[in-house]
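Structures for review follow.
Consider the two complexes below, in which chain A is the common component and chain B and chain C are the respective partners.
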Partner chain A sequence: MASISLRNIGKSFGQTNVINRLGLDIADGEFLTLVGPSGCGKSTLLRIIAGLETPTEGDVLIDGKASIKLRPSERNLAMVFQSYALYPHLSVYDNIAVPMRMRQFTRWQRIPFVRRLVKGTRSVSQDIDEKVKAVSEKLGLSPLLNRKPGELSGGQKQRVALGRAIVRDPVAFLFDEPLSNLDAKLRVHMRSEIIDLQRKLASTFVYVTHDQAEAMTMSDRIAVMMQGDLIQVGTPEDIYLNPQDLRVAEFIGSPKINVLSAMTNQFGQVCLNETPVRFRIADESSTEISIAVRPESLFVCNPSPAAIPGQIKHIEYMGDQAYLYVDIEKQSQRIIIKVLPTQLAGYEIGSAIHVGFDAKDALLFDQDGQRIYATPSPRSVVNA
Partner chain B sequence: MPDALSRYPHQGIAIGLVAPAMVLMVVILFVPILIAFLLSFTSYSLGSEQLNWVGLDNYRKVFSKSTYQKMFSSTLLYVAVVVPVSVGLGLGASLLIHSLKFGQNLYKTIFFLPVMAALLAMAIAWEFALHPTIGIINHTLSAGCESNGWYSFATGSWYGNDVSTSWYGRGCEKGFPLWLGNKDYAMWTIAFIGIWQAFGFNMVLYLAGLSSISPELYHSAEIDGARSAWSRFRLVTWPMLGPTTVFVLTITLIRSFQVFDTVEALTSGGPVKSTYVMMYAIFEKAIKHNLVGIGAAITVVFLSFVMLITLIQRWLVDRRVHYA
Partner chain C sequence: MSIHRSSSNEAIKHLVLIIGALIVILPFYVMLSYSMKSPREIETNTGGFFGAQAPMIDEYCVKLGKTPEECTTIPIIFNYTEAFKKAPLLRYLFNGVFVTLSIFLIQALISLPAAYALSKLRWLGRDTVFALVLFSLLIPVHAIALPLYIMLAKVGLVNTYAALIVPWTISVFGIFLMRQFFRTVPDDLIDAARLDGMTEYSIVWRVMLPTAIPALLAFAIFSVVAHWNDYFWPRVVITGNRDLFTPPLGLREFKGDADGSAWGPMMATATIIVTPLIVAFLLAQKKFVEGITLTGMK
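Right, the complex of A and B next:
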């Protein structure tokens, strides 16, 4: 059990910067998810923590101890890979036993047959055997112990990889997109298994994924990465409700947040399609800004000067909810409104409607995508 | 499976499509082997009118006459030296080259050159190099006799060894061996050239095998506690190269049994039949001496060796090194 601190970590491959000097403190026993689009450097960062990659600058502290010079095996971390990386020539039993054998056996004891000649092998072997049996029992692998990885399904391989990670007592667990090779149903199931595992072990988990749903459902805290930068770290609620960057707002949440482009005028009033809406920002000059509103915060309303007119282009019926895809004049992005299926009556593709939202639900971002705040924040509705 | 076939209405077309390949295979593979097999029971020679059935006479000769015992022992010596050494060197070289950050292609090209070069042409180069008086090898060796430091190192006199008991010391006094003309050295020399030629090929096969091992396996080995290069080799590299090794061994074995061109170019089976390998024996008996019957018998023995190796390989592939 350990805390992990990243201090000023930077990594470049030749000329390309993959990670730009970032810092992160992961508490002991925390489930932290690194989330971000493919290629943003998540795996690289995880591999730096594991010691498989040397950062160009910065340090990794494991339990407060500078570890950058330590070999991966000396850091006593466990890692689960996307491809599982099981040893294909070894049985499930042997795969799980490998980390124990590597650590507890001496050089001679690691050689099959020879190990029988070495004193003390028996008690170590028994110890390993008990551990392996216990772990495979816990993961439901007992009937499969003699199989080779080639004879297992994706989910079973996943479990073997988990078993290999938990069989010894590492100070923290690293996961690199462990569920992305599984089918959708199994993925959801394995999520809860991994969460259970973390509660039972009460150990530090660092979990990499590009799937925002995984990040939202599993983590204590989420760290959002984009293009080598850590742009926001916070609890799932915090990240969802209070994104500090437009990219975070757009990445987290499904369907995607609606982004409307707007202007401010010289009085600091925010104007959507030249119509002032009822909030203002401090900066009193005319600039472009973005208004981001979650699909569940938009609603269909009666026509009024402040309501946004649009046309339904597509209706997605999901059973317990429905999405209206609406085109709005002078806005390039089609917006999505989440409604209850009971509210669908009377609407069809092509219907002209009016859209509104509560000012407190709108998130404002400046041209660089940084969050800005409306001042004052009157409790008002756009279409009021 | 007449049942299975009759379910397909177009089986005539199917058979028609398969036929050319089948006919070719029968004509160029099965028929010649069958003819060789039949001829091995006769004393036929090319051009003769009659075909005398001699039963197992040819085989009896092959397994009893001392010439053929020499044939087996020289072939086996060649195989026993060339196979392990060229496979081992191929593996070693591929591991070293694979670990390089740059210059991989240079080394690959250098070591692969002997494989691409025509062995007959190379044999002539070797003949010059190995020439007892004007060859560069003996030249270099005797030049070393003049250099005190090297001389004392090579003869072992630096730690008090008696110069005349060492191989190098004797060479300096009495001249270095006739590599190809001495029955004690000839087969080893041929084997050395065989290794020189085969190991580049094995290296390339091993390199292909190495590049197909997922780096994640090494990473997971590293995290699992395999700290030394040796333990990672034991845990990942060697087992993952299992299929490659079986293939490399089989190919090298078969090619070693087939050694011919160096022998023909450099020693013609001599001196005193010390390099009288099987392929050369077949060539000498059947072509030079026109004793087709005995040549065919050796061919059949040779083919059974190859067959045996292939069967063992199939068994190994099915049994032990198949992970998928």
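Right, the complex of A and C next:
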């Protein structure tokens, strides 16, 4: 078990910067998820931790020890890949046993047949055998030990990959989108298996995914990456309720957060479609800002000067909830309102409605997407 | 109408293929047929495919002073026994096996790590080296035969097994073929092996080799066929020492001197020489086709 610290890690491939000098401390026993859209450098960062890629600058500390010069095998980390990366020509048993054999056998013992001639092989072999059996028992792989990877389903393959990772007691586990190749149902199931595993092993997990739902449900902490930058690190609640960057707000949460473009006037009042809404920001000059409101924080309300008029374009009924897709004048983005199915009565496509939100639920971002804070007026409901 | 046209299209396609196949098969047909006929039948072109197998008298045997009864035999038996008697064919076959297998093993030993480095490792100059490999593919053997011969002669290796084997041990074709195949092996698999504690050499032999068996087998067939059948190079570097003759060189023994060409035994020898290849191909046919399609050569 180990903590992992990234110090000022930068990586470029030729001229392109893939990771821009970032730092991150991962505590011993923590489940940390690296999340971000495809191509933002998550895998590259994970591979740098694993030692498969050398960073252009910076250092990786594993349990406080500078590890940048260590080969992957010397770091004693285990990694699980999206493609499972099982040896196609070896049985499940051998796939799980290989990392043990590579570590515990001497050079001669690793060669089949020759190993029988070397002294001490038997006791090491027995050791490995017990370990492999125990791990496959734990993962429910015992009936499959003689199969080749080609004869397994995706979920089974992923379990073998997990087995291969845990069998040698690494100090930390690295996962690179391990569930992306599975179908939706199995994915949800495997999530809980991986969480269980982490609780049992009490080991450090670094988990890469582009799926914000996975990140939200599994992690102790989430690190959000965008274009090679680490833009926010925090607990799932923190990331969801308190995004520091518009990109984080937009990336986390499903359906996506609603973003309304607004202006501030010279009094610092925030105006939506030229109508002042009842909060102000400190900066008293007119600039463009964005108001971001989660679908569940929007509601349909009575007409009033502050309420936002719009028209229903689409209704999505989900059974336990429903979404209204609403077009608002002078706003390019269609907004989504989450409502209870019981509230749908009387609305249909084309209905003109008014939309409101509570000022405390609105997140404000400046032109660069940085979070800014409003000072709400006493009566802080927009529709008043 | 269109069905009709497409089926006549098919018929034409098949006709062309059949004609092609006949052209390829015809020499084998003649070889097999001659290997069973008496000299007279070969000269007069009679006897059909199998020959009449009428008893014949071995004239050379009579010349040695034996009675005609003692020298009477059946053409097919005569041809095949003569094949082994007139030349040490078994020795030639052994040489052929030894040389082709040595060549292939060393080729594999060299091309696998080379192909791995060219396909899966990142290093300065890799693309240049690969371009050189491609370039070398274009050089015909015959163009460099003379310099090669001179080099071998300078180090005193002419008329040795080494002369037959060493020039072929680095196969750019093998490197190219395996490199193309290795490119299809996922990088994740190699990274996983590295984390499992394998060195780069272990990865070549324990991960790449087992996954590349079909491609390697395809290469094996190309290599073995080429070197088993090669007449040119053994002819250049083996001068005189019959103990080092490979099977194709052995065929020369039947080229007529004073007593005319012995076509029957010669064709019997040829049949014996190609049989191992045909058997090997039939056994490995499925894998072979797999390997060729895998490597995208088809």
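Quick note on the criterion: the second predicted complex is superposed on the first by the 380 of 384 C-alpha atoms of A that agree within 3 Å, B and C clash if a C-alpha of one lies under 4 Å from a C-alpha of the other, contacts with A are read in each partner's own complex, and residues count from 1 in each chain.
Criterion: contacts are C-beta pairs under 8 Å (C-beta built on N, C-alpha and C of every residue); 3 or more make two chains touch, one makes a residue touch a chain.
Since the model is a prediction, treat every value here as computed from it, not as a measurement.
Trainee: For the overlay on chain A, clash or fit between chain B and chain C?
Mentor: clash
Trainee: Tell me the contact category for A:Lys148 with respect to chain B and chain C: first, second, both or neither.
Mentor: After superposing on A, A:Lys148 lies in contact with chain B but is clear of chain C.
Trainee: Counting only touches as set out at the top, which of chain B and chain C does A:His314 meet: first, second, both, neither?
Mentor: It touches nothing on chain B or chain C.
Trainee: Given the touch rule stated above, what does A:Lys360 touch, chain B (first), chain C (second), both, or neither?
Mentor: neither
Trainee: Once the shared chain is lined up, is A:Arg334 touching chain B (first), chain C (second), both, or neither of them?
Mentor: In the superposition, A:Arg334 touches no partner, neither chain B nor chain C.
Trainee: Report for A:Lys200: first if it touches chain B alone, second if chain C alone, otherwise both or neither.
Mentor: Touch status of A:Lys200: no partner.
Trainee: May I ask you to decide whether A:Lys65 touches chain B, chain C, both, or neither, giving the answer as first, second, both or neither?
Mentor: Neither partner.
Trainee: Answer with first, second, both or neither: which of chain B and chain C does A:Arg122 touch in the superposed model?
Mentor: So A:Arg122 meets neither chain B nor chain C here.
Trainee: Of the partners chain B and chain C, which touch A:Met79 in the superposed model: first, second, both, neither?
Mentor: In the superposed model, A:Met79 contacts both chain B and chain C.
Trainee: Which region of chain B runs into chain C, 4-12, 94-102 or 148-156, after the two models are superposed?
Mentor: Looking at 4-12, 94-102 or 148-156, the stretch of chain B that collides with chain C is 94-102.
Trainee: Between chain B and chain C, which residues of chain A are contacted by each of them?
Mentor: In chain A, positions 47, 50, 52, 71-73, 77-79, 81, 83, 85, 87-90, 98-99, 102-103, 110, 164 sit in both the chain B and chain C interfaces.
Trainee: Can you list the chain B residues touching chain A in their complex?
Mentor: Interface residues on the chain B side: 214, 216-217, 219-227, 231, 234-236, 239-240, 242, 321, 323-324.
Trainee: Spell out the part of chain A that touches chain B in their complex, as residue ranges.
Mentor: 47, 50-52, 71-73, 77-79, 81, 83, 85, 87-90, 98-99, 102-103, 107, 110-111, 148-150, 164
Trainee: Over in the complex, which chain A residues touch chain C? Could you list them?
Mentor: 47, 50, 52, 71-73, 77-79, 81-83, 85-90, 98-99, 102-103, 110, 164
Trainee: Spell out the residues on chain C that touch chain A in their complex, using ranges where they run on.
Mentor: Of all residues in chain C, those touching chain A are 186, 188-189, 191-198, 202, 207, 210-211.
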